[in-house]
Amino acid sequence: MSKKKSVRGMARKALTSIPFVQTPRKNTGLPPGTLVFTGNKKIEEAKVSICRYNAEKFVGEGLTLSDVYGAEAGIITWVDVRGLHEVELVEEIGRGFHIHPLILEDILDVSQRPKFEEYKEGYFCILRDYQFDPGKLEIRPEQVAIYVNTGQGFVVSFQEAESDLLKDVRSRLEMGKGKIRMRGADYLSYALMDRIVDNYFFLLDDMGVKLEDIENEVLASASSAIRKDIHKMKRELHGMRRSISPLREAINMMIKSEVAGITSTTAIYLRDLYDHTVQALDLTETFRENINSLNDLYLSELSFRMNKVMQVLTIVATIFIPLTFIVGVYGMNFDHMPELHWRYGYPVVWTIMMGCAILMLFYFRRRDWL
Amino acid sequence: MSKKKSVRGMARKALTSIPFVQTPRKNTGLPPGTLVFTGNKKIEEAKVSICRYNAEKFVGEGLTLSDVYGAEAGIITWVDVRGLHEVELVEEIGRGFHIHPLILEDILDVSQRPKFEEYKEGYFCILRDYQFDPGKLEIRPEQVAIYVNTGQGFVVSFQEAESDLLKDVRSRLEMGKGKIRMRGADYLSYALMDRIVDNYFFLLDDMGVKLEDIENEVLASASSAIRKDIHKMKRELHGMRRSISPLREAINMMIKSEVAGITSTTAIYLRDLYDHTVQALDLTETFRENINSLNDLYLSELSFRMNKVMQVLTIVATIFIPLTFIVGVYGMNFDHMPELHWRYGYPVVWTIMMGCAILMLFYFRRRDWL
Amino acid sequence: MSKKKSVRGMARKALTSIPFVQTPRKNTGLPPGTLVFTGNKKIEEAKVSICRYNAEKFVGEGLTLSDVYGAEAGIITWVDVRGLHEVELVEEIGRGFHIHPLILEDILDVSQRPKFEEYKEGYFCILRDYQFDPGKLEIRPEQVAIYVNTGQGFVVSFQEAESDLLKDVRSRLEMGKGKIRMRGADYLSYALMDRIVDNYFFLLDDMGVKLEDIENEVLASASSAIRKDIHKMKRELHGMRRSISPLREAINMMIKSEVAGITSTTAIYLRDLYDHTVQALDLTETFRENINSLNDLYLSELSFRMNKVMQVLTIVATIFIPLTFIVGVYGMNFDHMPELHWRYGYPVVWTIMMGCAILMLFYFRRRDWL
Amino acid sequence: MSKKKSVRGMARKALTSIPFVQTPRKNTGLPPGTLVFTGNKKIEEAKVSICRYNAEKFVGEGLTLSDVYGAEAGIITWVDVRGLHEVELVEEIGRGFHIHPLILEDILDVSQRPKFEEYKEGYFCILRDYQFDPGKLEIRPEQVAIYVNTGQGFVVSFQEAESDLLKDVRSRLEMGKGKIRMRGADYLSYALMDRIVDNYFFLLDDMGVKLEDIENEVLASASSAIRKDIHKMKRELHGMRRSISPLREAINMMIKSEVAGITSTTAIYLRDLYDHTVQALDLTETFRENINSLNDLYLSELSFRMNKVMQVLTIVATIFIPLTFIVGVYGMNFDHMPELHWRYGYPVVWTIMMGCAILMLFYFRRRDWL
Amino acid sequence: MSKKKSVRGMARKALTSIPFVQTPRKNTGLPPGTLVFTGNKKIEEAKVSICRYNAEKFVGEGLTLSDVYGAEAGIITWVDVRGLHEVELVEEIGRGFHIHPLILEDILDVSQRPKFEEYKEGYFCILRDYQFDPGKLEIRPEQVAIYVNTGQGFVVSFQEAESDLLKDVRSRLEMGKGKIRMRGADYLSYALMDRIVDNYFFLLDDMGVKLEDIENEVLASASSAIRKDIHKMKRELHGMRRSISPLREAINMMIKSEVAGITSTTAIYLRDLYDHTVQALDLTETFRENINSLNDLYLSELSFRMNKVMQVLTIVATIFIPLTFIVGVYGMNFDHMPELHWRYGYPVVWTIMMGCAILMLFYFRRRDWL
């Protein structure tokens, strides 16, 4: 067993440097339903932010989990959990809000594909947030899970790390900006998802900048490093697509969901979110085709330069090798070499050599090598 | 925040030089429904052209927005807005014609995919017009949004820049040419869309000419510049396809729409427009396959030339290097080299060298290198 | 406007040499329904052949258009128009047979995709005939439009040029061969389409022969010309596929058509025609994969030859460059070089050089370069 | 006409050496329903084997065609025709068993895609048998057509050549092995098809062996011949896929057929046959991906070897060209060259040259070229 | 026949070294329903483990096959067979549990695609377990067949070899861990399948590690061996995909199955299993795209290195070949060469040569070759 574990350790180490290769599932081989966190601990201590609101008031401080386990009519409760390595906390919240064990398992398994599942009491969805590191050309994915009990007005969101992403939504709630306070739990979950998808565009903008850099570098220098950048970029974009594509399906299912208690008003906004997701997917595809075309460009750049290098070599060698032969001839020590004794032998040889060289140059010019 | 903004600025700068990479969404991260113009200001001042007509009369001048906010039975009103950076103007028109805020947001977000949406009172569609710059090999997209209230006979079109494109339609209206004056708002919106799609063929013709130029240049010189042109052309054609493909779907939805109030007569014309869009998409695909094939041709051209260059080098080197060796031998200064003292040593060496050279030439001819 | 026209002229000129790039649509920008011929005038004067027949009799001469505008019970009328540049003629025929203006527009726009449209009174279909020029490796497409009024027994076919293609059908009609005289207008239209699709197989046979030639040439010489042939062949085959594929759909719609008045007997034959079209498409696909594989083969042929060339150069240079160095050493003029005065210095040097050369040859043989 | 024929002759000659390019359709241009054999005569004389059986008895000899044209209750009649060039024979059998002329045309046109067609009285299906020639890397397809009249218990099979393939089924019938004698005509037709599909696995095994050979050769020698083998293999596998894929569809239609009189017991076996066909298709796809990957491997092998060749050349040239320059310097005949008269000039030069060479070798070792 | 057999033997030998090329079907050509084991004997003696359990008790030892042929109400019987070469054993078990002969044939034919089939009494499914050998880069597939009689509570599993895989499930049963003892036969079969699919993630982790190794090696050395590793990896991943993809379909059919007696509770778990399978497929696809991108990277690495090698050669040759020519000139033995007698001829020549060399170096630096 210990041997297996060390192999697994290697795998994990290796895989974390491959973005989008989901971290190895530590729960593999265990009976289904066992709660195991499959990710890496990203923050020291798990944090829980709780707030309750309706159109009139917003309570954002001083609430504990046990305060909010019971529903209050017309009040929306949002519990935001950051840090999933404290499995007991997740388990407790699960019990408090009567979340199904299979959902809890999915929340803790941070290698899930984006998905939407509807239940009698509400729905559950998983999506991914990304951080792009333009230096290392790496995208760091982070799983966000949102559980919504539409009937009782509960929204519970789970993130792996301390992230500022959902703070915008909280401040909009606090300040009562927009219509978010008038709407139900379904609209809150939409707002959270919208915030995450919006972030994709920041990411894609950064990737677009990097892509532009790569294009310029390919045309300017075709250096060795750019080759690796192209490879990494391909990998990242592939990962993006693999993740946004199921998200689109999930949102589509969400719009069409009849059981989950999503109001038609929110559905209109979800349709807008769907459009944004399609747009992000479209942009990813465009980038993918661009990077593939850049790879072709890089390859033809290399071939083109090779041609240029070979032409230089060929021109120099083709001109001087025959001339070196000629001077070699008159460096021979034969007793009987009449030319050596001619009065104008030396200048004649020079003339012949010049003639050869000029002929060659003409030949190369005609071939467009000069 | 300011740091983030400067990064965004970079992104925008970078992206605008990548055609079809939609300009970064300035509204990212804002609550949904906020009206923000996401494009670049293309003209100094926004312009509004208003006209009203029915089969008998046409009023094209002297109308203000407030004159036309009320519907008149049997009269079609067309308001054409050019320049979207004046957000307040768009907002005011939105209020005047009771356009839904989400539609207004889409109108101002100029990075939308072509789409069609039907409403109780009418429909809304987005499409793209293109300008091709054969010199820079760039396609400049511009978003056109058309809002139609079929019941009240309102057509409101929104363009980013001052464009001559829709003037043709206006002059046809003015002169009463064709059946356009007899028909309703739905036919007018069809006429506008038809004008834009027709323009694609001009664009595709120009691209076809450029493609032909590239093909000729690949075969003639396979220069360095052509490589970049191929790359750009690929990118543009990919962008075209990405945009025409959803337009086709949008027109299809428009034909099948039951709520939007499109008459069956107009639907026949829309079917014709659908055919044109498919034809444009087909042509784009054909061009794409051609440019891919041209890339292959370019690569094999480079390989072929490299072969030719190497053959020249090899022939010259293979003939003269052994000869240079031979003359080197008789340039040695050994005391005892009997050949040097032979009477016919020098001509014998020449004969041997000639023989070698001729053998080599035969060998190369047999190998088809000469 | 005149500037625009000249650009268009260029486009047209350029595009006609790209097969399958449909000739620029001269009607672009005009109001829908305007009749404009978009092709190039291919014959001097338009010709009209008219015939009428039923199972008993066949009248093929002496009929004018005005004679046949009225239907006769049980009599089939076939009007074959060759040459579409005389727009008035087409317009007149359109009026005579009550053909819808949109159909007439499609007939004159020779850049249509193959399609089938059903109407109350009958149907209309467009397909393409091809001529293959093996010398130039060009396929010249020609549009054929067939309008059928099943109720009244009218078949009107429109071709761009004087073509022998449909003469076979006419002679079969005249001689009463087969069942063609017993059947209705729908069978006649089937017979015309069948004749055109049959012709694809002649074309594909010729292309197969050319493909075989290309394969042989790739393996034999991998010359420069073959590269361009591969590119052209790809382009042609792509064009073929783009055109046969919608034809298949059109025939499928024709079989399933319920309004158009196609009898179930003819439907059986149409199913046969559908099979042939699928077969032609299949063959086109097979050829496409073959030509792609031939392109790969050509590229690896080039690489392989480059390897061979480089091996020759390397062998020669690697053997003689060190030897030339050795003889150079003993060509130096130092006062104190003891070897030069040895009795057997010269033969010893020869022996060493031979040894080097033989060692090299062994090395190359071991590396399989010889 | 004679000119056309000779061209066609060329086409046929050319195409027969391209496997899967179906032989040119001699019936092209003829009225539909004309019976023409489109293949090449493969055996001298057509042969007909007739047998009749039920669970109790089997009569395999002494039957003539006219004996079996009439059905007998509970008796299955199997007529196996080998050799289709005797069109009259096929026509006669067609009349005897009341086979529709369009079916007869399909039987004689040996370039059909595999298909299944159901009729009131039974069904008709076409499939392909293959012979693989590992030496020439050619697959020789042969069309097998099976006509079944389920009501009357007739099975008529048509093969192009004398083949042992269906003898197994006959011997199983004769010996009463398995359940074949208890079942009806539909089971017999299944047994024939099963025998043919089973044969695909023999073929695919042989191709797998050849694929393995190619892989070994690519890694060992990357010779010129292997390049052509890869190309041929690609072509063959493509042809296989093109043919098995419609067969799968045909069998699927057969299973779902409601009119054709296929019993549910036989349908179970057909489902098994369907699984086998999918398996064969899967294997073909696997082989296709393998051969494509082998092509990539071959190309990188060539590039890798080129690198090695160039490294050898570069090492030798880079070491000896500067040395040759140095010895050349001291071969000059200037009157005033002090070094020449130094006591240790010669060994000093040798030392310098050795130093240069050793430095170079270090440099190459650091670059991993040695 | 014996000749055929030896060919088949070759095929088998060859194919077993191609992973995923299913071993040749020994049953090819035999009447359907004949029981033949198509795999290779992997263990000496077949083993059968039998256990019976319900929520209260677990009997795992001392049971013989004949003890468990009869069902007991509320008791689940699991028979696990390891080793399929003992065909009689499988036959006997088949008779004992009334398993249909066609199922038995599928169990013994170890080259089946994963599938699910439902029957009146229960269902049957086939899936694959894999062992990955990172050293040889080989995946060894092993077929697992599971037959379930839901009504009578029988689960019979068949494996080719002695494998520890299903022991986990047995120990969970024995120890009564999880809910497995409370559930029916359908849950047991789910648990077995879940265990196998879980194992895919171990395999994929190992492949991810290997992929990472390949990536590092490509960037570090681009050696010859890595080329073959890429090829093998491609083949393995392709094989994985070909097998997981039908498994996904099988599980989907299982979830939707209405006849097979799968309870809705188990169906929830099956949905989870379906998600895992999709995830595994996703990962396989990601790896496939990565390996393809690595192949591109390898090719451009080779081209890049070639460029570097050629630059070195060209720099050295271009500098020294002209210099060698110059020194050759003054090595000539003409009687009249005034320069030779100049006082400063020798240093002047050196100065000229230095100048040439420095110019060249400047030129190369400007071209970025140094």
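Observations
As written, the chain order gives the labels A, B, C, D and E, with residue 1 at the start of each chain.
As a convention for this text, a contact is a pair of C-beta atoms (placed from the backbone, for glycine too) under 8 Å apart; a residue touches a chain by one contact, two chains touch by 3 or more.
All of these numbers come straight from a predicted model, not from anything done at the bench.
Comparing the residue numbers each copy contributes, subunit B and subunit C share less than half of them at their mutual interface. Between subunit D and subunit E, the centres computed from C-alpha atoms are 26 Å apart.
Separating the centre of subunit B from that of subunit E, both taken as means of CA atoms, is a distance of 42 Å.
Of all residues in subunit C, those touching 2 or more other chains are 299, 303, 306, 310, 313, 317, 321, 324, 328, 331-333, 337, listed in ascending order.
Because contacts link each chain to exactly two others and close back on themselves, their graph is best described as a ring. From subunit B, with subunit C next, the chains follow one another around the ring as B, C, D, E, A.
Those residues of subunit E that touch subunit A in the complex are listed here as 168, 172, 177-180, 191, 194-195, 198-199, 201-202, 205-206, 208-209, 211-212, 219, 268-269, 272, 275, 278-279, 282-283, 285-286, 289-290, 293-294, 296-297, 299-301, 303-304, 306-307, 310-311, 313-314, 317-318, 321-322, 324-325, 328-329, 331-337, 368-369. Residues of subunit B that touch subunit A in their complex: 7-8, 10-12, 14-15, 17-18, 20-22, 24-25, 28-29, 31-34, 102, 111-113, 115, 221, 224, 227-228, 230-231, 234-235, 238-239, 242, 295, 298-299, 302-303, 305-306, 309-310, 312-313, 316-317, 320-321, 323-324, 327-328, 330-333, 337, 339-346, 349.
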